[in-house]
């Protein structure tokens, strides 16, 4: 029987205690991280992290973009330079950079960065005071001291974090040397590569022609032909699979797909390969390649991930000095329904394909993504991505996607991070927000309590294992 | 005096008790259903519904699209095939299909489907246990047994549901034979037709030329001319009015309207009629016809409804086998402000016209629809539609539209359903969500209690009766 | 240490009491109004406001558009006519118009208009009863009586409202006579002009050529040349600065910017000046001028505001009779990321520039505006604008922008109003909603209590003073 108060707002204290009860059953479950950007070298070499600044500040674009937005130079933070106008000598004293960060920590109020860092400082380093100018040095010293201990070596942290699987993201031509070294070492931590072929599919990618050449080299395929190119990609996928890969990943400007006849595709590739392209060729080639990649997934069983909609390197001057991934990638409006149709017409009805969609355009949740995923057997919805990997963002995702897509067309959480130490914090936030969402449904009698407990576990470990076949 | 705590969050228990008090005053009010897709034949013939599967599963695209998205074939559910590759012999044992549905009922957790079905199972069939594999057969038997009783004949249910008006949706060329039979039968249930001319306005509609021909036949007008075509539509509108129609309905891909000079419109129609169209003609013709239809509303007093933004039959392979309305209609971004301007320039200032706008693009609520409806006398906002006819969706509509459009530019609830048995549940959800919204406004001192009670009644029966002149 | 209940929903009563405690510390802070549309003449002349209708109804498009949407004519409300088909004799008895307003006050239920008016009626006029037909006359008399007293003269109200700064919005060619008169009068109220050059930048503006001519006249510059035109604008900016201006403001249809080479810009201006434009010239010129204006801000230190996305005068017939600003300006989808790139490439990395962005398209908050403002030193986010200056709208802004932009890339509240008497109410609403938002963060342990108290003050007076250099 439905409760007479179904759909009426619930008492906050009741929702809180339900959320806490749900969370109690999932908080200690292992971390499964099927998509992210940590460096496999860390686990291969297992050397100490050098210092607090290089660990927390310099690789984390969430942090330095916010400082930069308030007029703090990237030079003063010691952000590595890699653009065409880079000053390779540029450096900054890590402690001085840390002090700038600490003085300006208040800028992060209300952002997930605070939650992740406070969690990490407290749980890993026993630091219970809020970071500020006054404790900058003491904090720095405390973290530096801990980083020098065996308990803070990458593999020790991996185990302490209770990570069941950690996927990295790797270029199609990568040697996977670190992944191989990890496996060869006998260490049991599962660090899996992910096949990310953007650099050999996006003709505007840095050194694209060289990347193609390298693809030919490592596969001994003749990449000057369409068939050779496809065979080279197939070969690299097999190499990734042999080294543990579960998935591919594609970062495109749009979600456009195409389904050209083979001869048309071959002619298009010839123009791409020769560099003598016509207007629209670059986008069309990327579109065609998504469909090709989906077809290969049917053959080799890899899971496919699509991350469209980021306008990369929006700030040209900054890019010319510092290079990619410096907090100047800005989302844009992203269309899925017409864009994905060619791929879906070809493969969307095949339940053996799993294509996991991400978005930076939250308007697509209820309008496009949930209706698509709530229909096509091949589609699943990835968790809130990047800017939306935040308490409010996660709650909006559940509120806007669940009623149409259900829970079972979603795939659990991705931390998608370069910041290794933030991984437990990020998963903890996701678990808490999911439990809060489920608790509200129960308190409003929209879900039974036993269902909520089952779902809490599914959202934490069940769906991700199933979707990525882990 | 404003309360000193105005706009501060309220205690959940207080909001809940206010919501319950508001709901108590509207829960038993009659159901007014001015837009939907039930079959008038049911009420004309008043025969028993055949079995639980044909009643709950096979006509409900909310249900089978979700099962399909998880890899369950439509064949196994016995979904009728009507596409060009249909297998007309295809069938499935209703009980076997029901078992599949029951086993997978957990997929609907968090979706409105659960709320509607649980309500219906409990209130109509006395089933208090959650549907699952273990009670699939018992549930099937219980429902089948009930359906065979006189209390479950269509007319008896109509009366039991306390339906004051139920509007169906009917092609422009429909004979309205079932509506006429209902009226001729002496039964007092008000089942009204709605004039939906898409099939004779959208030149891409299945059998468009044949539909035009049929339009000429039934009206004895020469539809080879623009004037004859318009006269034919006028005649059909009169026929619908004579059979009780209150409204028209238009399902277009976009909200585009046009206001061509008569001779330009005539030339355009000549191209449409001949099938020798130029690029853009089809869309322009639909656009022009919306304005023509609005003009006819001024003459004959029908209420006009516009449902734009659904990309129909997105899944070609599925369409070719199963035909329309199989859960593969996907929303897309929809523009209203520039699109409606031609129509509004001509008729928007005339308060005798009522044009009710719906959307599948929730971003339009606060950006376009509420500002338009909060200005033009001819415009009103329909309730959240289709995917958004859900607790979260309804709440977003109230939160995003009310502050600019007010309550009085909205028109109450539409259930818009083919699933007759779900009608009480759907209206109950709408009443509950509206009461929850009003209760929060009262608890935050943004509305007085007496206003909330008045509004609860308006949102349930007042505004719909006024908007549709019922 | 993070609270064990971090991110779980909080008890409403706890959030309410926290919100009230925060509000207690900011409710009496001075009002800083850096952007609005009050008439400087009021403060220059300091004459009594004529009557309740002319004060509350006739200048407030929030009010008359809603009445109009429900079929009430603007003539009956005595809205002044200024279009090409105006009836300059048209008038309406103010009391009769007030009665119409009072009878229909229920239409505003759930809208911010009620909150603003109830606040104003109660706090300024001691009217505690809800406005209705039955108290229309008594209310009118009471307000009229008060308006005749010295305490209700514009300057007295300014002081009573505790206004620290009030910015008006003024044409580039304005004589600023009233601002000069205020300064010359010795009265200490700070009423600042704002430089709004739309009428000499938008070639579709009414009397554009005449406006250019007037610009040349008042500056003695030869505006027939690109250099002369730019010099004329520089001169007017200096004139505004000499009369206290802190900022510029730009109302454009889109956020498009351009960065033409000087000779290309000069040729474009020559076409604009001659009226012999090519397709796209008007939009391109506006785009180029935004970049020029940003450059001038670096030279003269004015703050730059951009308000894009309103389709002005959507209702042509109404415009022809009543003129601009009659509630028929409708928002549209607005793109920022690509549009602003030319300007940002040139000036976006310069922290000396402050460009404050507004939007009528809420989808841009999380997708475009927060990521841009969370990166570029020159960008800040203006508060929710126009239709979104409402409790739900403000809360959505905080929820959608804060996690990426933080609080410190926002600039406090703008009332943006022509309705002088509503200013305290509008600021009160903003303070309450901000406190409610902060309180929730504290109750969910996402912010410490001391941080919330600090932020409440920053959001009320700190950030606005800093952003506008007041």
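Letters are used for the chains, namely A, B and C, taken in the order the chains are written, and counting of residues starts over at 1 for each.
Operating definition for what follows: contacts are C-beta pairs under 8 Å (C-beta built on N, C-alpha and C of every residue); 3 or more make two chains touch, one makes a residue touch a chain.
Because the structure is a prediction, the values reported are computed rather than measured.
Enquirer: Would you mind naming the chains that touch chain A and likewise touch chain B?
Expert: Looking at chain B and chain A together, the chains touching each of them are C.
Enquirer: For copies chain A and chain C, work out whether under half or over half of the interface numbers are shared, and give different or same accordingly.
Expert: Shared-number fraction below one half, so different.
Enquirer: For chain A versus chain C, what separation do you get between their C-alpha means, in angstrom?
Expert: Chain A and chain C have C-alpha centres separated by 39 Å.
Enquirer: Could you pull out the residues of chain C that touch at least 2 other chains?
Expert: Chain C, residues with two or more chain partners: 11-13, 15, 363.
Enquirer: Considering the complex alone, what residue numbers of chain C touch chain B?
Expert: It comes out as residues 11-13, 15-16, 19-20, 23, 65-66, 68-71, 106-112, 114-115, 118-119, 122, 128, 130, 311, 314-318, 327-328, 330-333, 360-363, 387-388, 390-393, 429, 432-433, 435-436, 439-440.
Enquirer: Which chain C residues qualify as touching chain A in the complex?
Expert: For chain C paired with chain A, touching residues are 1-2, 4-15, 335, 337-338, 341, 344-345, 348-349, 351, 363, 366-368, 370-377, 379, 399-400, 402-409, 441, 444, 446-448, 451, 455.
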